[in-house]
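Encoded as structure tokens, the structure appears first; notes follow it.
By written order: A, B, C and D. Residues from 1 in each chain.
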Amino acid sequence: MADRVHSSPKRGRLLTRHGTGLALLGLLTLALVLLGPLFLDRFTQNVLTRSMIYAMMAITVDLLWGYTGILTFGQSAFFGAGAYATALILTHVGGGAQNFALALVLSVILPMALAALVGWLSFYHKSTPLYASVISLVVPIVLSQAIFAGGSFTGSSSGLVGYPVMKLGAANYFRLAGVALILFAGLAWIIVRSDAGRVLIAIRDNPLRAAYLGIRTQRVQIILMTVLGGVAGLCGFLYANAGRIVAPEIAGFGFGTQMIVWTALGGRASIFGPALGAIGIDYLGAQLSGSMPYVWQLIIGVLFVVMILFMPRGLAGLLPRRQRTAAAPTLATLPDRPQESSKDALLSVTGLRKAYGNFVVLDGIELEVRPGELISVVGPNGAGKTTFLRCLSDGTETIQGTITLAGQNIAGRPPEDVVALGIGRKFQVASVFESMTVAECLRLARATHERPTLWNRASGIHLPSAALDILALTGLDKKLAEPVSGLSHGMRQSLELAMVVAMLPRLILLDEPTAGLTKAERTLIGEVLKRLTQELGYAAILIEHDLDFVKEISQRIVVLHQGRLVMDGPVEEVVNSELVRSIYSGMAHD
Amino acid sequence: MTDDRLVIEALTSGYGETDILQGATLTLRRGEILALMGRNGMGKTTLLKTVMGLIPTRGGRVSLDGVPINGKPPAWLLAQGVGYAPQELPLFQDLSIRDNLRLALRGDRDLATALKIVERNFPFLLERLDQLAGTLSGGEQKMLILSRALMTEPDILLIDEISEGIQPSVVQRIETALKAEREQRGVSILVVEQNLGFALGVADRWAVMKLGQIVDEGACDAASRETVLKHLSI
Amino acid sequence: MKQMKSMRFGLLLASALATTPAFAQGDATPITIGVPVGLSGANSVVAPAVVQATELAVDQINAAGGILGRPVKIAVADDASGAAGAQTAYNTLVFQDDVDVVITMETSAARNAGIPIVEEGEKPFIYSSFYEGRSCSPNMFVNGWVPEQQVPPVVEKLLADGAKNFFLIGSDYAFGRGMLEFSRKYIEEKGGKIVGEEYLPMDGSDWTAILSNLRSAGADAVITSTAGGTPNVTLTKQLRASGISIPYANLAVDEGTAKAMGADAAGILISASYLTAIDTPENKDFMAALQKKFGAEMRTPNDLSTPQYEAVYLYKAAVEKAGSTKTEDVLAALPQVSFKGPRGEVSMSKQHHAPLTMYLGEVQADGSVKVVADFPNVDPGEQCPDL
Amino acid sequence: MALLLDIATTAALLFIVSAGLFVIFGVLKIINFAHAAWLTIGAYTTVVATKMGLSPWLSLPLAVLVGGLLGAVTEIAIVRPLYRRSLDAILATWGLGVVIVQVITLTFGRDMQMPPALITGTVDVLGLPYSSYRLFLLVAAVIMALAFVLVLERTRLGLNAQAVIMNETLARALGINTSRVRLVTFMLGSAIAALAGVLLTPLSSVDPTMGISWLIGAFMLVMVSGTSVTALALACLCFGAAQVLVSTWISPILGSVTVAVLCAVMLRLHPKGFARG
């Protein structure tokens, strides 16, 4: 099953022309940061040191919220945990190189552990983004309460002060914060543009499709939150050393929301926007808020509401969005490896019953599917066809009866696990990633086979020949670098089908793949399906209304009517049966 | 004044990127029952929804007694005497029959008067007003849906697959009710149907829809069953 | 960065030059006093009074010829009543405005955030707020009270009135806990008994469970030490509404809040180093001068703003004694000088802290505070033995 | 006995504070982060009313009026464009809350205001003196809950709101003006929140940020209750009891985070909370 690619495809060079420009910009900034203390006064150095630490926090919020769609108010908690871990060690254990090392390690590990816990709480199958947001509110509140209750150990409301810090001096803290910011921003910039970065955006844009591509969305979210918790903790370590104080407010929800403001105003999903937003607002605030704090906060509040309403992309949205001119990746063919045509059932469904309360959707369904079979499911509206496909592909649906796929009972397995067993599902309404290009969508479909790299983009995509056929026949192979949002309905349907095929599933579930397609497109999809099943030994279950189409491509037809499987047999037999005629002309009744 | 009441011309609409209706043209005349048939996914329900203003029109026009009604909200159409019995999730399952009926009353109409109309066709509903709609059997639910549409005494009635999944005796009652409404009040009725027997039994004319367009229409007579079946069949 | 400075809208309040006499001809560059204070956030209620007190002192000093013949001016910056805001405010004052001294009343978190910056910038710092004690820095002097000074008067009074079983209620923060910890030790030392000690988070406003515990604990006196403002008011309101009528000492209420609470505050015992009702010529002059300068805008002086007023004078005395504004000289002179102000004679002579005269007051039905007793020269105890 | 009264009145208080948020979340499916600001606005209505010499009781209807009007403006200007961007709706309403707090501060100052209480003193409950105002709150909460049920079940508005909650498409198909239902719901939620603000004044001080401390508890309670009034009442009772018990027997500090933490864990383990189905 695992088609590990032996000859690794050519990796795209990281630094394209536009990348080179940015690298130069990065070097320039680096020089500015290193030389800054020579011409900046102490005030500016001190304020900017903190602003730059804040900017890193804003980038973590951007990665979570802007790129992955997790609106979090709780990054402050991890920042606070890191800062307090540092201050507590240095206060109660003392200074010395060893203790600084210990503080550094703990300031990363503790927030990561906390973040992992928060991640576990926030992300589970069918958890909602709203729920994750609310949890992210609770975390800083509980943490700051704990700090308050810590008495003289944590310094309570007064915070901790007077502990030994790394004696670097203001100028070097400025340089350290600057270098850290540039490194982190650069790293974040590379990652969000890498293949792995596409996974984050996939989760933000269409978590369901991502899960049905086998991407373990919750796991990715938890890992991301954990890693960024560690980064936040590291920022806390820097802060505790540079600022020489920790206070409960840095772990609080107010600070967490401030980061959202920086990110929103600077421009979510742009890395540099939030960083500049944080520096700009914190630095301007230092200049302005001293004398008119309420007016300053009022201005920020109004600006924030206006931005959310009218400029969701923030100030970064004012810049013209550069059309991604990445060269189209090359497509490579995976060797066809016909599935062994075993006599054993690939899928077997026994006694399936699905009800919502008193409303029974499916009842008493028995079905076996063998490799190489293409089964069409027909039946009038409301017969339960789509529900049937959902039950086959999501083991967490509450059902009665058993569904086994490749010998494994799928009960309790979320879609990504069922996908791992060899199911590919194509939705009724084409489900693709709107903000991506055709090539990016295809590469995501291969994510479970070729682990997406964090550092760059693969320049080639390995696809099975059937997927390539679909692309070639529809002309999608000429549009690899084009954004999905510009594709026609038929093209999207074909793209989704190609994505599903690219996953090399053993059983493909298709929900009305031809709805709204032209005659030519239908024929094309029919050809592909025939080839997949008859030549390559895939199995497929197809929901279809167009009986002419069904007749052309199926070997077997299953008729669902009012939640029951009323017929299962060879095409000719079923099509010509009185039962089907009567169901379709409305004469059949229980 | 012509007898054309609801005129649909080259209507296009759909969801997302997809045009489900692709230039459908159809006319509902005064006092007639017109059966619109076609297989699943061909755009029949979308046609009704578009006319009712539940889906925005993308092209073509709809007019009521010569007045264009494109883009009018459902509330406006209901006020003009257009009644609608939807197919998908047509009832508030967790509300009582009474509340389900009340929700369809607009403005100054009171429930008592409306219930008299319900009583004419389906008196059993009046005895069970406090029962939750979700606890009714499939056929009873259909009768409730129809009662709700008839209750406001519409001049034009759009009905979506009312016969779906119910037993013949209930189909018969519905047929009787629709015919009675037409006889007594001269209502024009458009029924979207997959049940050939019911459709041809109740209607004066039929039309067949395929891939978002009306492909054939005719008067209901002895020959129409074969003609329509040919369009629908396999 | 000169440009930055001129762009800043910082509140640089030049002193009222109209009334200024001719300053000595030598060095006429102004001495700048930095006042980082909570214009926003929790302290914003009391901050205006603190700023007024500073302005009054500076006006008076300038009218009398300044310090060492140099005029005095104030730079105020908002610390947002917290650590992050204080960092900004102190950075601005110390490094951008290059003030000669920082004199202010702030939250403990803000003070702690400021100390490293004051030390880094090598400025003298007078903290004019009462606080929970034991904050030490070579650069910092304190002229407000600490628990060792505030608690004994109320506890002595309650014990004298026959109370044996004490219940302590506080907000969960450094001051609340610090005050009640000392109270507990002190009461037990004096033979009283603690029957309960409960804390609610600073932003908590529902005291129901604590009050029920208080009721069932069989206490015959209650001592509270909440955060100022909201928690204090909610606690008092809910305590009164629940019908609890045992003697009630409040370590955190100021006169203004007591007055605003009206009848609910009646009978509350308070202990302070300053009360408006102090009957001395210095206090009367102080009140009159405030009234004259600010008129209807005048904020009632309190136990936080009056020490601020005196702190400016203590700084003046130290500079004059040292003969310069150089930090090391001023820091050496500060413990040796004293000033007789509204609170009486104050000198920060004890480990950077000040022995003070403490007053026991009782809130009257009309919200005014009557001075019941005074305790002269109460020692702050061992605050910073290393200094 | 005191414990039971504490639990009942705490639950009542939680219910009163969450009710406005609940109405908005139940129908509109958005979390109104400006909720704390509505509470504050209600309390300041009392301040203004009593300063004008009106009885504090009059501030109850006044707050409903002010809350309703501001709610209408908010719905039209800020919330309406964001129904399809629910996370952005959170942010926009939160920003609005910040703006309102600053405007109140600039208008009234940071100082605490202390309007006269509605009811003072205690009454004896089975020999135990108990705060009359807390008992009054209990009555107020019960009245509020009954009014909810009555409005939902007996009035056309309530029926329309239920229809929108259950099946918005059908509601529209039946000619219900769903955007008006949303508007009225938001107004109602804001009005109830402002009313709750008035009811809070005798227990707390009135200052610009007074609402914040009630916010998180209210969020969590509404999250676990979904769209059912009964569920909300039940949640307030359960978590109110937990809060009182933890506060009384363990620590009031733990008690203060009890509601939030228990709700969060409950939602993790049983995502539907107290809502049925």
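Keep in mind that, in the parts below, contacts are C-beta pairs under 8 Å (C-beta built on N, C-alpha and C of every residue); 3 or more make two chains touch, one makes a residue touch a chain.
By chain, UniProt protein names: A, D = Branched-chain amino acid transport system permease protein; B = Branched-chain amino acid transport system ATP-binding protein.
Predicted, not measured: the structure shown is a model, and the values here were computed from it.
**Student:** Closest chain to the overall C-alpha centroid, by per-chain C-alpha centroid: which is it?
**Tutor:** Most central by this criterion: D.
**Student:** Top contact pair of chains, counted by C-beta pairs?
**Tutor:** So the chains sharing the most C-beta contacts are A-C.
**Student:** Going by average Cα coordinates, which chain is farthest removed from subunit B?
**Tutor:** Result for max centroid distance from subunit B is chain C.
**Student:** Could you please state the distance in Å, as a whole number, between where the Cα atoms of subunit A are centred and where those of subunit D are centred?
**Tutor:** Their C-alpha centroids are separated by 35 Å.
**Student:** Could you please state the distance in Å, as a whole number, between where the Cα atoms of subunit A are centred and where those of subunit B are centred?
**Tutor:** The computed centroid separation for subunit A versus subunit B comes out at 43 Å.
**Student:** Just the number, please: Cα centre separation of subunit B and subunit C in whole Å.
**Tutor:** The separation of the two C-alpha centroids amounts to 78 Å.
**Student:** Residue numbers in subunit C touching 2 or more other chains?
**Tutor:** Correct list: 40, 172, 199, 201.
**Student:** If I count partner chains per residue in subunit D, which residues reach a count of at least 2?
**Tutor:** Those would be 105, 253, 256.
**Student:** When you check subunit B against every other chain, which residues touch at least two of them?
**Tutor:** none
**Student:** Every pair of chains that touch: which are they?
**Tutor:** A-B, A-C, A-D, B-D, C-D
**Student:** How about subunit C: which of its residues touch subunit A in the complex?
**Tutor:** The touching residues are 1, 4, 7-11, 39-40, 76-78, 80, 82-85, 87-89, 91-92, 94-96, 107-109, 111-113, 115-117, 120-121, 132, 135-137, 172-175, 177, 199, 201-202.
**Student:** Hey, which residues of subunit A end up touching subunit D in the complex?
**Tutor:** Touching subunit D: residues 69, 71, 121, 124, 126-127, 129-131, 133-135, 137-138, 141-142, 145, 148-149, 257, 260, 264, 294-295, 297-298, 300-302, 304-305, 308-309, 312, 357 of subunit A.
**Student:** Looking at the complex, which residues from subunit D come into contact with subunit B?
**Tutor:** 156, 159-160, 162-163, 166-167, 169-177
**Student:** Over in the complex, which subunit A residues touch subunit C? Could you list them?
**Tutor:** Touching subunit C: residues 40-44, 46-47, 50, 145, 148-149, 151, 155-162, 170, 243-250, 255, 285-294, 297 of subunit A.
**Student:** In their complex, what parts of subunit B are in touch with subunit A?
**Tutor:** 14-20, 39-42, 87, 134-135, 161, 163-168, 193-199, 229, 232-234
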